[in-house]
Each structure stands twice: as structure tokens, then as C-alpha cells.
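Look at the two complexes coming up: subunit A is in both, with subunit B in one and subunit C in the other.
What follows is the complex of A and B.
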């Protein structure tokens, strides 16, 4: 494959792979409740994930080792264990939510309860993890996820008053029916959805699996600097469409099918089918990533042989963790728990645990022992430190806000 | 041991505090606030069904999708009615409010159930009932700011 095509494919994958069930729900829900009053949070979140994903990719390319492996070595087993437990729990919730997302997307075509489809979806995800190559997984689901661009098409087709939308986004105001606490809670949910920790674990472990070296850094930067912001635009389009169609009708988003309803209203059957395909691809891709991330974090902490490229007989414990996580995620859903509640909890608790993921990356990215000459520059460190402060404030505020707003109700 | 008990108590308080959005109402004001939240959610569900059914009627959507949307809304409305009905009204004024909201929720649920039956039978749902119900819910919300 030519270098240009590889880069192009990588950028497309980053755009399509940026959105998962957390982004879908959080963006549609905030659009329906707050209009574009929280659009600024998406921008803040995108800059944050760009800064830290680039750092994680650079750490992997210069040290040849993934983030979690280095966290244990650099910060010690006790701190790393806290990190592991928190990350694994949140990753598990996210995995369950993504499996539900796939099942719900299929149920919209089959017209049956999504619960009936959960076992088949879990099996399918495991088969793909087991059999499909790493590159194929990334590209197939990332590019299929581009179907979500239908939200951009729907927005353009709506011909909204762009000036008024821009004003709403740049002059955020609290809607009369909301409180400052719900505003802050949903800001945290959006931020958590944009900076979900599994994205970094998967990104850095994937870089190691694909054998990134310093020569791949340019590709890494292009993927991150171009792909993620364009993915962020996709998130904003979902929010804007919800604010144009659902908000005037007083609809608050409580289910995944409601997220694609505006596309049906604006673009009709074809648009709806494309949107459902996009939801399927986004959640399926993320289910694979979170399934693998479960294996990555545990195996890297415990020093086991790990990797999708490693034959299962050579890394049995890694593959077992992936399999057990998928099975437990499916069983969790079969208990009848509300998948949107699981999604909301996963993104909000992600926000609470963000410093645990990003602080070690910042420490390692400044250590010449691991990074050689590729340590962070002063400007990048200033931005990263600012973000670390934001992450800490968000982490401290999350649980009290969750209790005060009763989960954003 | 004591530390474990404190941690467990905190965890239980957290789960209870977050998972159940409708707690007890000790005053009329609190009860009215819960009624408002319930009616607002009901309106959201009825409007969702109205939009989905309208899209289907215009040929902008397909049956299985609409059936799932309508069933989800019906389940949600049933849950809202059950949850609101389980809250103890604190005084006589609250009794009247309870009847009023219960009637609204009942009408909403009837309209959505009828839509679900029609969609599952591939018949044309009665959108007028949904519009009427959504309008009644919106008017109630306007009257209880």
C-alpha cells in the first residue's frame, strides 16, 4: 500500500472510529436539552484527546512498549493496580454499552427486542476479535463508521440559521428548565465521552502491535491532528441535528433509536438506513476495541504475553480475559439493565477516572529514559498540564454532581 | 472492618442517590416538582412517537424501526406512570394533582399503545390522538412552571 493511501486510510479510520455509543448518546442528549450551549465542551475534549493520544502514540513508538506496561514500571505496582481496577471497571461498562449499541442497531432492522440479539452480538464480536486482522478491524469499522456523516448531510439539508447556531455555540446560556448542576453534569458527560480512557489504551497497544517506530510518528500525528478533530465535527453534527429537530418538540434522548430519529425526519428511509449502519459500525468497532483493551490492561499489568498478533496458544491468558469480558458484558445486559443508563454511567465515571489514565502518560512522555529525544516540548507540557488541572477538577466534581442531579435527571 | 462498613455505606448511598430519580415528596412543592419531571418525560416520549409515526406515514421510515421506537416509549410511559403512582401524595392538594397527572399519563399511554398496535399491524396509526396528548402535556407544563 502506498504511503499516501496508508495515511489517508488512517485519517478516515480516526474520523469514523472517533464516535462510539457514549458520543452518540451524550451529543444527542445535550443537543436535545441544551441546544448548542455545550458545543464548547466537545472542542475542549477533542483538543484534550488529541494532545494525549499523540503523546501515547509517541510513547509507544519511542519505547516500543504500551502505556499500561510503562505505568506499572514507572509508578509502581500499587498505583498501577488502582489504575488497573478503575480502568478495567469503566472499560467493562463501556464494553457492555457498546454491545448493547450493536444489538440495538440490529434490532432496528429486525424489529425484535435488542436483548434477544445480545448473545449473538457478543459471539460475533468475539469471532471478529479472534479471526480478523488488526488492520482490517480498524479500517473496516472505522470507514463504515463514516456512515455517520449522514448527520452532517441531515444538518445541511435542514438549512438551519447558521448565524444563530454559531451565536448559540459561542454564547452558551442556561436553558430555563435546567439548573447549573445539570449543565455541569452534562458538560462532564460530554468531556468524558470525548476523552474515554480505552481509546488511549487501544491506541497505544495497537501502535505496539503494529510495530510503530519513530518513522511512524508523522502518520501518528496526521491521524490524530486531522482525524480526531474531524471526528469531533461529527459529534457536533449529531448535537446540532438533535438541537434542531428534537429540542423544539421537547424530546429528551433516553434511547439509542431516538438518536437517529432526526435523520429519518430530514432524509427519509435511505438516510435512516445509513445512520443505523453508522451506529452499528461505530458501536461494533468500539466493542472490539474495549474487548481488546480489557485484555491489554490486565495482561500488561500482570506481565503476561499479550497481543492480537500473538497466536492464542502463545497468549492464552490475554485471549481468555478478552473472552470472559465479552461474555460478562453480555450477561450484564441480559440482566435487563437499561443500556443507556450503563452508557451514561460509563462516560461519567470515565470522567472521574481520567487523571488516572492521563497523568502517567504525561510523566512517561517527559522521561528521557523512555523517550530519548522525543520528550514533550515546553508548549505541549503547558497544554498538557492545563488539561491535567481540568481533568482533576472534573474528577473531583463528577460524583457530587451525579448525586445532586440524580444522574442528570 | 469499620473502614469497609463506611465504604460500603457510601457505595450504597451513591447507588441509591443516583439510580432512583424519584424519591419521596414531603411537601406539595416537592410533589409538584416530581409531577413536572414526570409530565416532561411523558411529553418527550409522546412527541418521539408522534415524530416517528409521522415519518412512517410520510414514507420516511420503515416499520421495524418505528415499532422499536414506539415500544420503547410505551415501556417508558408505563414506567413513569408506575413510578409516579408509587409516590405518596403529602396532602389533599397533592391528591388532586395526582389524579390530574395520572389522567394525562393514562391518555398518553393509551395513544402510544394504539400507535404500537397499528404499527405492528402495518396499519396507519392515529396521529391525532398523539397530537392531542402531546398538546395536553405541554399545556400542563406551561401551567405549572
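What follows is the complex of A and C.
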């Protein structure tokens, strides 16, 4: 493959792979309830994930060490264990939510209850993790996920008043039926959805899986600096479409089909089919990423051999953790729990757990022993420190807000 | 490797162990120290679930894990201890001059490989391209 094509493919993958069940639900839900009053949070979240994913990619490319390896080295075994338990639990909720997303997308086509499809979906996800090469997994689902661009098409087709939309986004106002607490709660949900910790676990482990070296740093930057912001725009399109179609109709988002409802209203059956394909690809890809991340975190904390770059026989406990996580995720859904609630909890709790993951990345990215000459610059450090402060405030505020708002109700 | 000065806590503890063929084989879970000439020297590395549990404060669990480990093959050398002479290189990871089969974590890996993973079709093949 030519170098240009490879980079182009990488950027497309980063765009399509940016959105997962958390982004779909959080953006549609806030669009329906707050209009564009929370759009600025997506912007803040995207800058945050860009800053830290680039750092994690750079660390992995220059030292070959993935994120959870560093978490233990810098936080010590005890704090790292707390982080592992929290991250593993949140990652598990996310995995279950993604599996539900795939099953719901298929159920819209098959016309049966999604719960019946969960076992088959879990099996399919596991087979892909077990057999498909890492590069193929990333590209196939990332590029299929571009079908979500249908939300952009729907938005343009609506031909909304762009200036008033811009005004709404830049002058956030609190809708009369909401409280400052629900506003803050959904801000955290959007923030958590954009900065989910599994993204950096997966991104940095993926860099090691693909054998990145310093020569791949340009690719890293392009994927992150171009792909992620465009993925963020896609998230905003989902929010904008919901604010244009669902909000005036007084429809709030309580199920996944309501996320794609606006596309069906604006573009009809064909649009709906493309949107369903996009949701399927985005959640399927993310289910694989979270399944792998379950294995990555545990194996990297304990030093076990991990990764798809070796035969499964050579990374047995890594594959066992992945398999068990997927099976448990499916069983959790079969208990009949509401998948939208699982999604909301996963993104809000993500926000709370973020500092423990991002702090070690920042420390290592400044350590010449790992980075050689590739340590952070001053501006980047200033931005990264600011985010660490925001993350800490968010982490402290999350649980009280969950209690006050009764989970955003 | 002897007589080199470094911050043992910062440069050794919790680092990834890599065997002589580049395979990941556990972490530096603890250090073995000895007094010589009025100074404290690192004599070797400890690795495995037992050492980790002890460092996390679970002494009883740690002792039990080590015992289980030794019970697998009482004749065999203690694979939870790695004398410093088997450390080939110190960098952002610790490279050993040993094979992974001579390091504690191998036994758990092998058990899961033999009893679970080997029974799933395709376990011995690399992923399809």
C-alpha cells in the first residue's frame, strides 16, 4: 500500500471510529433536551482527547510501552490496581452498551427483540477479535462507520438557519424545563463520551500492535489532529439534527432508535438504512475495541503477554480475559437491563475515572528516558495540565451530580 | 550487570520483563536487597502473583500463592526469583537473558493455554490478514 493511501485510510478510520454508542446517545440526548446549548462541551472534549491520544501514541511509538504499563510504573501497584478495577468496570459497562448497540441496530432490520440477538452478536464480536488481523479490524469498521455521515447529509438537507444555530451554540442558555444540575450532568456525559479512557488504552496498545516507531509519528499526528476533530464534527451533527427534529417535537431520547429517528424523518427509508449501517459499524467496532481493552488493561498491569501480534496460544490469559468479558457483557444484557442507562452510566463514570489514566501519560510524555528528544513542549504541557485540572474537578463533581439529578432524569 | 547505580524504585520496580526472544513475561513485582560493605545492593528481582500480593499488603495471600507456585513442581528452581546476573539490559523495560519458561508468570500462561485456549480452533495460528 502506498504511504499516502495508508495515511488517508488512517484518517478516515479515525473519523469513522471516533463515534461509539456513548457519543451517539449523549449527543442525540443533549440535542433533544438542550438544543445546541452544550455543543461547546464537545469542542472541549475533542481538544482533550486530541491532546492525550497524541501523547499516548507518541509514548507508544518512541518507547513501545502502552498506557496501562505506564500507569503501574508511575502510580505504583496499589493506586494502579484501583485504576485497573475502576477502568475495567467502566470498560465492561461500555462493552455491554456497544454489544447492545449492535443488537439494536440489527433488530431494526430483523424485526425481533434485540435481546434475542445479543448472544449471536457477542459470538460474532468474539470471532472477529479471535481471527481478524488488527489492521483489518481497525479499517473495516472505521470506514463502514463513515456511513454516520448521513447525519451531516440530513442536517444540510434540513437547511436550518445556520446563523441562529451558531448563536445558540455560542450563547448557551438553560432551557426552562432544565436545572443547572441536569445541565452540568449532561455536560459531564458529553465530556466523558468524547474522552472515554478505553480510547487511549486501545489507541496506544494499537500503536504497539502495529509496531509503530518514530517514523510513524507523522501518521499519529494526522490521525489525531485531523481524524478526531472531524469525528467531533460528526458528533455535533448528530446533536444538531436531534435539536432540529426531536426538540421541536418534544421527543426525548430514551432508546437507540430515537437517535436515528431524525434521519428517517428527513431522508426517508434510504437514509434510515444508511444510519443503521453506521450505528452497526460504529458499535461493532467499539465492541471489539472495548473487548480488546479489557484484555489490554489486565495483561499490562500484570505484565502478561498480550496482543494480536502474537498467536492466541502465546497470549493465552489475554485472550481468556477478552473472551470472559464478552460473555459476561452478553449475560449482563440478557438480564434485561436498559442499554441506554448502561451507556449513560458508562460515559459519566468514565469522566470520573479519567485523571488516574491521563496523569501517568502526561508524566511519561515528559520523561526523556522514555521519549528521548520527543518530550512535550511547554504549550502542550500547559494545555495538558489545564485538562488535568478540569478532569479532577469533573471527577469530584460526577457522583454528587448523579445523585442530585437521579442520573439525569 | 553489577555495581551500576540507579534509582531502584524508579528504574526497576513495576517495569515490564521481556525474555531473550522479546516476549513479555511478567513485571518486576519486588526487589531482593542485600547488605554488602555497608551498602544496600539489589541482588535480584522478584516476580509473580505472590510477590505482587505481598507488596500490596496481602501477606497471607502472597505466601499462599508462592506455595501454590512451588507445589506445581517442587523439584524445579524458584522461578519467582531472578538473580541480577540474568538481567541483560535495563531500559524502559527489563530484558532478561532467560527464556520465558524460566520465569514465574509462564506457569499460569501455560495452564490457560493448555486447558482453555488450545481447545478453541485457530489458537495456534496468527490472525488472518
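In the analysis below, the second predicted complex is superposed on the first by the 409 of 409 C-alpha atoms of A that agree within 3 Å, B and C clash if a C-alpha of one lies under 4 Å from a C-alpha of the other, contacts with A are read in each partner's own complex, and residues count from 1 in each chain.
Criterion: contacts are C-beta pairs under 8 Å (C-beta built on N, C-alpha and C of every residue); 3 or more make two chains touch, one makes a residue touch a chain.
No experiment lies behind these values; they were computed from the predicted model shown.
Colleague: Which holds for A:368: it touches subunit B only (first), subunit C only (second), both, or neither?
Modeller: After superposition on chain A, A:368 lies in contact with neither partner.
Colleague: Based on the superposed arrangement, let me know which partner A:377 touches: subunit B (first), subunit C (second), both, or neither?
Modeller: Neither partner.
Colleague: Taking the superposition as given, does A:180 touch the first partner, subunit B, the second, subunit C, both, or neither?
Modeller: Touch status of A:180: no partner.
Colleague: Thinking of the overlay built on chain A, is A:258 touched by subunit B (first), by subunit C (second), by both, or by neither?
Modeller: first
Colleague: Looking at the overlay, what does A:336 touch: subunit B (first), subunit C (second), both, or neither?
Modeller: A:336: touches no partner chain.
Colleague: Look at A:305 in the shared chain and tell me whether it touches subunit B only, subunit C only, both, or neither; answer first, second, both or neither.
Modeller: second
Colleague: Taking the superposition on A as described, I'd like to know which of subunit B and subunit C A:407 touches: first, second, both or neither.
Modeller: After superposition on chain A, A:407 lies in contact with subunit B alone.
Colleague: For the complex, which residues does subunit B have touching subunit A?
Modeller: Subunit B reaches subunit A through residues 14, 17-21, 37, 40-41, 43-45, 47-48, 50-52, 54-55, 58-65, 67-69, 72, 76, 138, 141.
Colleague: Within the complex, which stretch of subunit A touches subunit C?
Modeller: Residues 63-65, 69, 72-73, 76-78, 80-81, 130-134, 136, 302-306, 308, 310-314, 316-317, 319-320, 369-370 of subunit A touch subunit C in their complex.
Colleague: Sort out for me which residues of subunit C touch subunit A in the complex.
Modeller: For subunit C paired with subunit A, touching residues are 13-17, 23-27, 29, 47, 49, 52, 55-57, 92-93, 100, 105, 108-110, 112-113, 116-118, 120, 122-129.
Colleague: Quick check: in the complex, which residue numbers of subunit A touch subunit B?
Modeller: Its residues touching subunit B are 104, 107-111, 177, 245, 249-252, 254-255, 257-258, 261, 264-265, 267-269, 272-273, 276, 341, 399, 402-403, 406-407, 409.
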